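You will see two complexes here that share chain A, one where it goes with chain B and one where it goes with chain C.
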Partner chain A sequence: MLVAAVRRRAWWILLGVVLFAAAAFLPFVTTPFYVRVGQLVLLSSALGLAWTLLGGFAGYWSFGNSAFIGLGAFAAGIFEVELMKGQPWLGFALGLLLGAAISGLAASVVAWPILRLRGIYFAVAMLGISQVLAELNNNIDIFKGSMGLVLPRLSAFGLRPEALYFYLLLIATILITILAFAIQHSRIGAGLMAIREDEDTARMLGVPTERYKVTMFIASAALTGALGVIYAHSLGYITTSSVYRTEFSLNMIVYNLLGGIGTLIGPFLGSAIMVILTQVVLGRLLSIHMFVTGALLVLLVLVAPKGITGLVRALRQRWSAR
Partner chain B sequence: MSEPILRLDHVTKRFRGLVATNDVSFEVPEGSICSLIGPNGAGKSTIFNLVTGYLPVSEGSIHFQGRRIEGTPTTDLARAGIARCFQIAKPFPELSVHDNVRIGALFGRDGARDIGAVTRDAMALAGLTERAQTPASELTVGYLRRLELARAIAARPILLLADEPCAGLNATETEDVIDILRDVRARGVTVLLVEHDMQAVMRVSDRIFVIDAGRKIAEGPPEAVANDPHVIAAYLGTDEE
Partner chain C sequence: MLALQTIADGLVLGGLYALSAVGFSLIFGVMGVVNLSHGALVMVGAYLAWFFWHALGLDPLVTIPVVMLCLGAFGYVYQRGLIQLAVDRSSHVASMLVTFGVALMLRNTLVLVFSPDLRSITPSYSGHPLLLGGIVIDPVRLAALGASLVLLGALALILNRSRMGRVIRATAQQELAARLCGVNAHHVYGLTFAVAAAFAGAAGAILGIVLPFSPPDEGLWTMNAFVVVTLGGVGSPQGALLGGLLLGVMATGTSQLIGPAFPNAMMFAVLVAMLLIRPSGLLGNAFAGSR
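What follows is the complex of A and B.
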């Protein structure tokens, strides 16, 4: 199945490879500012892909994935600071695993009750969970959420920090893209699509709906947690409010919607457009930033309810029907 | 006689005050087409919901291939070989006909290996080959019924539960669906049918169970049921069909 899917999409895959390869040159040809913009595009795309494993594929929209960024960031942060002094890379590698594991574990604990909630109830439950976790992180002293945590500095090959994190995020994004592609084009991907379309019918056809949903929720959370670890290091110093950001949760959804929900290029398109628009084009006009984001969303809902990929498909159909 | 594919023993289903299924027992022999008939609200679809594990039974037992199945999750029953077509067609609207049927082939009863072949075969059987690429949301009622059947067939069932597959169809379309059901049976699949079109039921069924207000009031081959005074009074008398 996977092999056939790869063959059918050979051109898209080639395009992806070329774009990723081109991105690798970015730190050599541009200023640190644009490298940081690139970082943000990659981080947003990767977070959007992790979100879409459950949200886009199965139709279970989490409004609280920032909780997993926070869990991953603090789990790794505390571990590295307390136990891994003097070994920054080993600490980081183990921290990545720990961040993913703790986020995945948290997801598996809440999965059973909340994945039985459908549609908007699941979304709201996740929003609630992320608020609770943020409060706990902020108010319980051992988590150091309010005081903050300084992470061990990483360096390699004499790269400037923004270039280093750009590359770490690039690698993470590539791996998540490959994983998402493999899931989308396997049996579980077909099952997730059936769940999104009509869960009762899916069950009636023998799709193991509960197992699939739980698996994807844990995978999505673990990947988001790992990304949280990289993000935390790129910040260098983290507090509750810098990683448990509701804004992150919303952006994952908005970028997916903008690009085309359920697709793999959707998060890339959405992230690239929104990050470049808000950071570069409107970078100096912070006051109208939110206004423009809001206006764009309204426009999106009116013009392209299925995102850019949906719009392109509709236009192509209209074109070929002439 | 060999073990029946499906056996209900004194099955009762209550919804709070309402007894939707009241002490119903019947057996569906292997390789047969049996029909459940009865007026609207008699409890036919409820029986399907119980057999597929979609709703829990209140009392009684259900055996599938000699194995008790009450309490078994719907997914597991599908994998054991029980497929169902819904009374109100429930396609995956955003997917093409082909992709809808393919999901039936990918899941369903354990053990299909050539997914592409199973998908094509089920589409051909249901007369959908030409519509393979049409999005399900653009199908007419007639083709939606075929899609329900094709998806269920692709799941390679042992027992197919078809809930009013001819509802909303004209005479020729009804004829086509009946032919499809016969083909399905010819492949060794046992069929339990719910249908309001009495002509169709009389022609296709080996055995008929008549349900009224949750109770089984008669059972037998088509001629016997058609002439049963209880049935004429309770069902044919009160319903214009």
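What follows is the complex of A and C.
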């Protein structure tokens, strides 16, 4: 299945490889500000991809994935600060694994009850869970959520920090893209799409819906947790409010919606457009920043409810019908 | 005595929670839309009441009808112009994003017009606490609780006894059947949204005399409405009242017994637990889409 899918999409994959390779030269040709914008585009795309594993493929829209960013960031942060003094890279590598493991573990604990809910109820329950975790992180002293944590500084090959994190995020994004592609074109991917279209029918036809949903929920959470660890390091100093941000949860949905839900290019298109628009174009209009973001959201749902890929598909169909 | 005082404080807060959530509950129950801009409507109500008090010296309890009219008109246009379009073109979950976008726009507008500073309304009768059988009660809070209960009762009457209420309930039960009987469903949705927004505005006006407020609070009030509705049950003033009072007592009880930092964590934990155990709420009947 996978080999056939790779063959069918050879041109797209080639384009992806070329684009990723081109992105690798970005830190050499632009200013630090644009490298940071690139960082944010990569982070958002990767988060969007991790979200889409469950949200796009299976149709379970989580409104609380920022919980896993926070869990990953704080698990790794506390571990590295307390136990890994003086070994920043080893600490980072182990922290990455730990962050993913803790997020995945938390997801596996809540998965069974919470995945019984559907539609808006699942969305709301995830939102609730992320709020509970944020409040606990902020108010229980051993987590240091309100005081904040200073993470060990990483450095390698004499790269400037923003370039270093750009490359780390680039590697993470590439790995997640490959993983998402493999999942999409495997048996479990087909099962997830059956769940999205009609869960009861899928189950009746013998798709192990519960197992697929739980697996994807945990995978999505673990990847989000690992991204949270990288994000925390790129910030250098984290508090509850800098990693447990509801904004993150909503952005993951918005980027997917803008690009096209259930596709792999969707999150890339969506986050590139939104990040460049909000950071570069609107960066100077801070007082109406929120207003414009809100208006964009409204327009997006009304004008292109299926995202850019959906719009392109509709236009192409109209052309070929002529 | 401490327990009684805690419960009394909780009930006062709970009345406000109930009133601020009833519109959210109505919209969710009747059209299945989760209105994330509900808290923003509450804040608009609070700022309108503050404006009347600050500029004209009018008591917030007196200006409630005006605030309700303004927000009701806004709600009707908002539903017919935006939300219905989003539901028709996309899905209910996507309409959630539209309401979130509107919440951001309203919050930004409030900051631009009224500044991000903390505001509060202090009517003449505030600051003279009454002692009732050993329990201290602020007359302002008593007035707030009274006004909330009266408004909730009025809404229950409208929904259960008037023609408009009957039409709204019929459309909530089955849109198609209601339309076959000659109901203009889109108009009814608009009206429902108008009523909901009006009650959000009233809650805002009352909120203004009880607590200080600022534009970013809108998120908190949306969340409160969420919890109240999942606790009490969707679509009825009775459910909102029960959920609101329970939540109020729970909030004050948690800060008394566990610590002042924990009411929010407690609230959301209860929210998640309720969704898992009984998604339709204590008094709720399962509306379409809960499963």
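We take it that the second predicted complex is superposed on the first by the 322 of 322 C-alpha atoms of A that agree within 3 Å, B and C clash if a C-alpha of one lies under 4 Å from a C-alpha of the other, contacts with A are read in each partner's own complex, and residues count from 1 in each chain.
Here is the rule we go by: a contact is a pair of C-beta atoms (placed from the backbone, for glycine too) under 8 Å apart; a residue touches a chain by one contact, two chains touch by 3 or more.
Given the structure is predicted, the values throughout are model-derived calculations rather than measurements.
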- Task: Consider chain A as the common anchor and indicate whether chain B and chain C clash or fit when overlaid.
- Result: fit
- Quick one: classify A:Ile174 as touching chain B (first), chain C (second), both or neither. neither
- chain A: partner with more touched residues, chain B or chain C: C
- Query: In the superposed arrangement, does A:Leu296 touch chain B (first), chain C (second), both or neither?
  - Reply: second
- Given the touch rule stated above, what does A:Ala190 touch, chain B (first), chain C (second), both, or neither? first
- Message: Tell me the angle subtended at the Cα centre of chain A by the Cα centres of chain B and chain C, rounded to the nearest 10 °.
- Response: 80
- Task: Using the touch definition from the top, say if A:Val124 reaches chain B (first), chain C (second), both or neither.
- Result: second
- Considering only touches as defined above, state whether A:Val6 meets chain B (first), chain C (second), both or neither. neither
- Message: Looking at chain B versus chain C in the superposed three-chain picture, what is their shortest Cα distance in Å?
- Response: 14
- Report, in rising order, the residues of chain A that make contact with chain B in one complex and with chain C in the other. none
- Item | Interfacial residue positions of chain B with respect to chain A in the complex | 52, 54, 73-75, 78-79, 83-84, 86, 90-95, 99, 102-104, 106-109, 115, 151-152, 155
- Interface with chain C, chain A side, in the complex: residues 61, 113-114, 116-121, 123-125, 128-129, 131-132, 135-136, 138-139, 246, 250, 253-254, 257, 287-291, 293-298, 300-302, 305
- Note which residues of chain C are touching chain A in the complex, please. 32, 34, 82, 85-86, 89-98, 100-105, 107-109, 111-112, 219, 223, 226, 230, 259, 261-262, 264-265, 268-269, 271-272, 275-276, 279, 289-291
- Task: Sort out for me which residues of chain A touch chain B in the complex.
- Result: 1, 187, 190-191, 193-194, 197-198, 200-210
